[in-house]
Amino acid sequence: MTRLLAEGVGWAVDGRFVLVDVELALQPATLTVLTGENGAGKSSLLEILAGTRTPARGAVKLDGVPLPEIAPAHLARRIARLDHAPGLYLELSALENVRLFHALLHPGTAVLDAAALLTDVGLASRDHMRPVRGFSRGMLQRTALARVLASGADVWLLDEPSTGLDRAGCALLADVLQRVRAQGATILLATHDPALLPLADRRLHLDHGHLQPAQVA
Amino acid sequence: MLLRLTWLLLQKDLRVAARSREVFGFMLLFALLCVVVFAFGFLREGEAAAAQVPGVLWVTLLFSGTVGLLRLFAAEEEGGTLVLAERTLAGATPLLLSKALMQLLFSGVTTLLLLPVVLVFFDASLAQPVLVLAALALGLVGQAMLGALVAALLVHVRLREVLLPLVLYPLLAPLVIAGVRITVLTQAGAPAEALEGWLALMLGFDALVLVTAPWLHARVVEL
Amino acid sequence: MAKIASPRPTGFLALLSVATLLVLAALYCVAFVARPDVTLGIVQKIFYFHVSSAIAMMLCLSCGSMLSLIDLFAPSDRIDALAHSAIETGLAFALMVLTSGPLWARKSWGAWWTWEPRLTLTLMLLLLAAAVLGIRSMAADGTGRKIAAALASLAAPVAYLIHVAVEKWGGTHPMVLKGGGIQSPGMQLTFRVAMLAILLFAATLWTLRFRVLRLEQRLHALRLELSAQDVRKQRPGAPT
Amino acid sequence: MLLRLTWLLLQKDLRVAARSREVFGFMLLFALLCVVVFAFGFLREGEAAAAQVPGVLWVTLLFSGTVGLLRLFAAEEEGGTLVLAERTLAGATPLLLSKALMQLLFSGVTTLLLLPVVLVFFDASLAQPVLVLAALALGLVGQAMLGALVAALLVHVRLREVLLPLVLYPLLAPLVIAGVRITVLTQAGAPAEALEGWLALMLGFDALVLVTAPWLHARVVEL
Amino acid sequence: MTRLLAEGVGWAVDGRFVLVDVELALQPATLTVLTGENGAGKSSLLEILAGTRTPARGAVKLDGVPLPEIAPAHLARRIARLDHAPGLYLELSALENVRLFHALLHPGTAVLDAAALLTDVGLASRDHMRPVRGFSRGMLQRTALARVLASGADVWLLDEPSTGLDRAGCALLADVLQRVRAQGATILLATHDPALLPLADRRLHLDHGHLQPAQVA
C-alpha cells in the first residue's frame, strides 16, 4: 500500500519549470534517500510533498487522499518536516520548544518525556533549560530533530538532516531514523552526505525534474 | 480544544515576551512619546488643551498599536516556526486568536496607563468615564483582531512595515471616527442617547471582524 | 493545454462603440442641453461626470470586493481576473472623483479640499484599493492573490461602515439625489445620459482590463508549457 | 576614496530599492495616510484648517521618515552582509553615509510630493516658501544623518522597531520644534529676521550631527 | 613566520567559559582543519580569530600585530570569512554581489572577471544574473565562496564551508582551497565533513576549550 504518492507533479518559478512530471510512490516502513545536484529541486519537491507549497501541476496524495482535501490539522500530525530553518522559538528553551510542539499536535494526551527525547538526540541536560538562541548550529539541529520526533508523525520529510551534526550526531540521527522506520514510518530524506546513503532502502536521483534510481557510487 | 490550544500559544507568547522583558515598557514609552510629539505639533497657545484629548488619545492608540503589531509575529519568523504554529490540531485559528489576545493585552495595559497621563497633561477630565472606557475597549478589541489578521496575512510580504499601516488605518477608520466622536461628545456633555448610535457602530464593527477574521485567515493560510 | 487563438472580440468592440457614442452624446448634452447653473455657473457642469464617476467607482469596488470573496471560496483564474480588473477600474474612477471633486469644490466651497467626511471616505477607499493592488503584485505568486482577495473582501463591509459613520457625522457635501432631486428637465436628461455613458465607459474599461489579464494568464500558461518541454528535453535519455 | 565607496554602496541600495520597486510609492502613501489620520484626529469643525499645517507637515515627516529608517538596513540583515559592508577599505563611514543619503533621498522625494498635497488639502499657502523649504531641507538632513546613525547602532538590538522611535524622537526634538516654529511664524507673516534664530539653531544641529555621527558610528562599529 | 596567532584566548558566555587558554599558530600556505563536537566552540573561535568577536582573555595577532590595532579596512582585505549566513545581498544577482564586494575592498583596481569566478565555483551562467534570493542552499554557498575568492584575502577562516554542496561542489571547493593555499594563503576551516579532512596539512581537535592534534580516524 502506498502511503505518499506524487502524480505528475510540476513546479515552476518565474515561468520556468524546475520540476516536471515527477512521479513518486513512498511505502510505509521504508527510507528513501533523494540525491541530486545543487539546484535540482530537492527542497522544492519536499515542500510540495509536505503540502506547504502548491504544485503548479499534478497532485500529492496521502493514503490516497489529495493533500488539499486533508485538514491541515490532520496533515501536521501525519507529516513531519525538517528543513534549513530550525523551526524553534529562539527565546524558549529546548525543553519548552519540544513540549510546546507536542502539545499543539497532541493536546490532552499524556505529558511527553521531553527531557528523554532531548537526551536521545544527544543534548546535554545542562542545555535543556536555556534559550536555544545561544545554541550552536549542531545543537539547534539536534533540538529540531527532537521536535520532529515529538510530533509522532508517520511520514518524515527531511532536508539535509545531517547539516551541522558531528560524527556522534550523525550516528544518533541514523539510529533515530532506523528506529522510526522500524515503527512503520515513511521517510524521505534529501542529502548530499554519503554517510546517510547506507541507510537507504531505495535511492533516487533527481535530474531535471526526472526521478530515477541512483547509480550506486 | 480551540481554547486550550489558544491558551498554549498565548502562554508561549507571554513567556517569550517575559524573556525579552522590555516590550511592555517600550510600548508604553512609545505611546507617551506620541503624546508628547502631538502636543508639540498640534497644540497652539491660547487654546484649551483639553479639546485635543480625543484626537491625541485615539491617534496615539492607533500608532502605538501598530508598533506592537509589527512585532507580533517576530518570534515565528526568526525561528521559522510559522508553518508549525499554523498547523495545530485545531487549524490556524488558535494562532490568530492568541496573537489577537496578546495584542489586546499589550494595548489594554498601555491604554490604562496612558489615559490618566493624558488627562493630567492636557488638564482634562472624563465626563462619562464608563462610556469612554467602553468605547476604548471596543476600539482596542477591533484593532487587535483586525490588526492580528492583517499582520498574519502580511508576514511573508516584503515591506510589511509600510503595508501594514497602509491597509490597517483605512480599515480601522470606522472605529477611530466613532471613538473620537464619542469622546468629543462626552466632553461636550452630550446625553448618553446621543452616543448609542456610535457605540452600536463600534459593536457592529467588532462583531463583523470577530466573525470574519478567523475565517478569512484560515482560507488564506491553510492553502 | 490552453487555447491559443483569441476569439474575435466582437462583443467588446460593440461595447466600446456604444460607450464612445454615449460619451459623445453626454458631452453634447452637457454643453448644449443643460443650462449653466444660476449660482455656480459653468463649473456646475462637472456635476454630471462627478456624480456618475462616484457611482461607477462604488459599483466597481463593491463588485471587486464581492468577486474577491468568491475567489477565496472557489478559486478560479477567471474570477480572479474579474475581481482584479474591477478593483483597477474602481481605482481609476476614484481618481476621477478625486480630480473632479476638488475642481468643483474650489469654485463652490472656495477651497480645494475640506476634511469633510465623504471626501475623506473617498480618499480612504482610494488608498485601500491601491494597497490591495500593491500587495497583489508584491507577494510571491499564489499567496499575494489570496492575501489581496482576503483584504478586498473585508474592504466592502468596512467601507459600508465608514459610509454609515460619515452619514451620522454629517457634513457639507450635497445629497441631491436622495433629497429633492434635479428640478430642471434639461439637467435631468443630461444627467441620465451622462450617467449611462459613464457606466458603460466603466464597463468597457473593466472588460478591457479583464481581457488583458486573461490574455496574460494564457500567455503565462503557454510559456510554462514551452519551459516544461524544455526541461523534458534536457533529461538523461531524452532524444536530442 | 570615501566618496567613491559611498557611491558604490548607495548605488547598491538604489538597485535593491529598484528591485523591490514599490518602496517609494508606499512611503508616500504612508505619509498621505498620516495626514488623513491627523486631519481626523485633530481638526475640529469651524476651525481654520490652515492653522494645522505646520503640525501636520512636520509630524508626518517625522513619522514617515521613521518607517523608512526601519527598513534602512533590511537588506544587510537578511543576507548577513552587515559586517562585510562595515569593513570597506575606508572603514564603516561609507556605509553610514550611503544610508543617510538613501534616507535623505526618500524623505526628500516624499516631502516634495507631500507638500503640495498638504497645502491643497488644508487650503493653505506658503507665505515665504524659500524659508520653509530651507527649514524642511535642514530638518530632513538632520533626520537622515541622525536616523541613519541610530538605525545603524540598533541593527542588532531586538525590539528596535520600538527603540528606534524612542531614541530618535527626543533627539530630533530641536529640529521638529524649530521647524514647526518657523512654519508657524511664516504663516503668521513674521519678518525674516524673526526666523533667523530658529534657522541658526537647525543649522547648528545639522553641523553637530554631520560631524559627530560618522565618528561615533566608527567608534562603536569598528570594535 | 607565523601569520595568525592566538595567545591564551578565552571566551565566556553567561559566566561560563567556552574557550580557555586557546593557543594557535597558523603559518602561510597551510590548510588547517578544525574539528570538534557540536558546541565545542569552533564557530566562536573563528569569529574571534576574524576579529568580529572580542575575546574575554588573550589576544589574536596578525603578522605579530594585535587585531584591535589593525584598521578594520586593512583587516577586511587580509581576513576572509565564510559562515552560516551567506553574506550576500539577496536582491542583487550573484554577479553584482561579487563585483560589489570586490570593489569595496579594492576600489579602483582593474575590474574583476566576476563571471569567470562564478563559473569557477560551478554556477551556471543562466544563474549569474538573477537575484540570489531564489537560490537553493548549495547555490548560495557557491556564490558565497565566489565572494570570498574575490576578496583576495590571504587568511581564510571558513565555518563548515561544504554545507549544502553536492559532490561536484565539494570537489570544486577542494580545488579552490588547494589553489589558494598554493598561492600562500593561510586557511583554517572548521568542519564535520570527512571529505575535507584529506586536504589538511594539520588537523586540530577542539575539546572543552582545549586544542589538540586530532587522532587520525
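By written order: A, B, C, D and E. Residues from 1 in each chain.
Assume contacts are C-beta pairs under 8 Å (C-beta built on N, C-alpha and C of every residue); 3 or more make two chains touch, one makes a residue touch a chain.
The model shown is predicted, which means the values in this text are computed figures rather than measured ones.
Engineer: Strictly by the touch rule at the top, which chains does chain A share as contacts with chain B?
Structural biologist: Chains that touch both chain A and chain B, as defined above, are C.
Engineer: If you average the Cα atoms per chain, which one ends up farthest from chain E?
Structural biologist: Between chain E and every other chain, the largest centroid distance is to C.
Engineer: On a CA-centroid basis, which chain has its centre farthest from chain D's?
Structural biologist: Chain centre farthest from chain D's centre: A.
Engineer: B-C versus A-C: which interface comes out with more C-beta contact pairs?
Structural biologist: Spelling it out, more C-beta pairs touch across B-C than across the other pair.
Engineer: Per the centroid of Cα atoms for each chain, what is the distance between chain B and chain E, given in Å?
Structural biologist: A distance of 47 Å separates the two centres.
Engineer: Using Cα averages as centroids, what's the distance between chain B and chain D in whole Å?
Structural biologist: Chain centroid spacing, chain B to chain D, equals 27 Å.
Engineer: Counting only Cα atoms for the centres, state how far chain C is from chain D in Å.
Structural biologist: Distance between chain centres, rounded to whole Å: 35 Å.
Engineer: Touching at least two other chains at once: which residues of chain A meet that condition?
Structural biologist: Within chain A, the residues that touch at least two other chains are 54, 84.
Engineer: Of all the residues in chain B, which ones touch at least 2 other chains?
Structural biologist: 20, 158-159, 163, 166, 170, 173, 177
Engineer: Hunt down the residues of chain C that sit against at least two other chains at once, touch-wise.
Structural biologist: Touching at least two other chains: 124, 127, 131, 134, 138.
Engineer: Every pair of chains that touch: which are they?
Structural biologist: So, checking each combination of chains, I get A-B, A-C, A-E, B-C, B-D, C-D, D-E as the touching pairs.
Engineer: In their shared complex, at which residues does chain B touch chain C?
Structural biologist: Listed in rising order, the residues of chain B that touch chain C are 146, 150, 153-154, 156-159, 163, 166-167, 170-171, 173-174, 177-178, 181, 197-198, 201, 204-205, 208, 212, 216-217, 219-220.
Engineer: Can you check the complex and tell me which residues of chain C touch chain D?
Structural biologist: Spelled out, the residues of chain C in touch with chain D are 102, 111-115, 120, 123-124, 127, 130-131, 134, 137-138.
Engineer: Using the touch rule from the top, collect the residues of chain A that touch chain E in their complex.
Structural biologist: Going by the criterion above, the answer is residues 13-14, 35-39, 43, 84, 122, 127, 130, 134-139, 141-142, 160, 163-170, 192, 194-195.
Engineer: Residues of chain E touching chain D in their complex?
Structural biologist: 51-52, 54, 68, 71-73, 75-77, 81, 83-92, 96, 100-101, 103-108, 131-132
Engineer: Sort out for me which residues of chain B touch chain D in the complex.
Structural biologist: 20, 22-23, 26-27, 29-30, 33, 36-38, 40-42, 44, 51-52, 54-56, 58-59, 62-63, 67, 70-71, 158-159, 161-163, 165-166, 169-170, 173, 176-177, 180, 184
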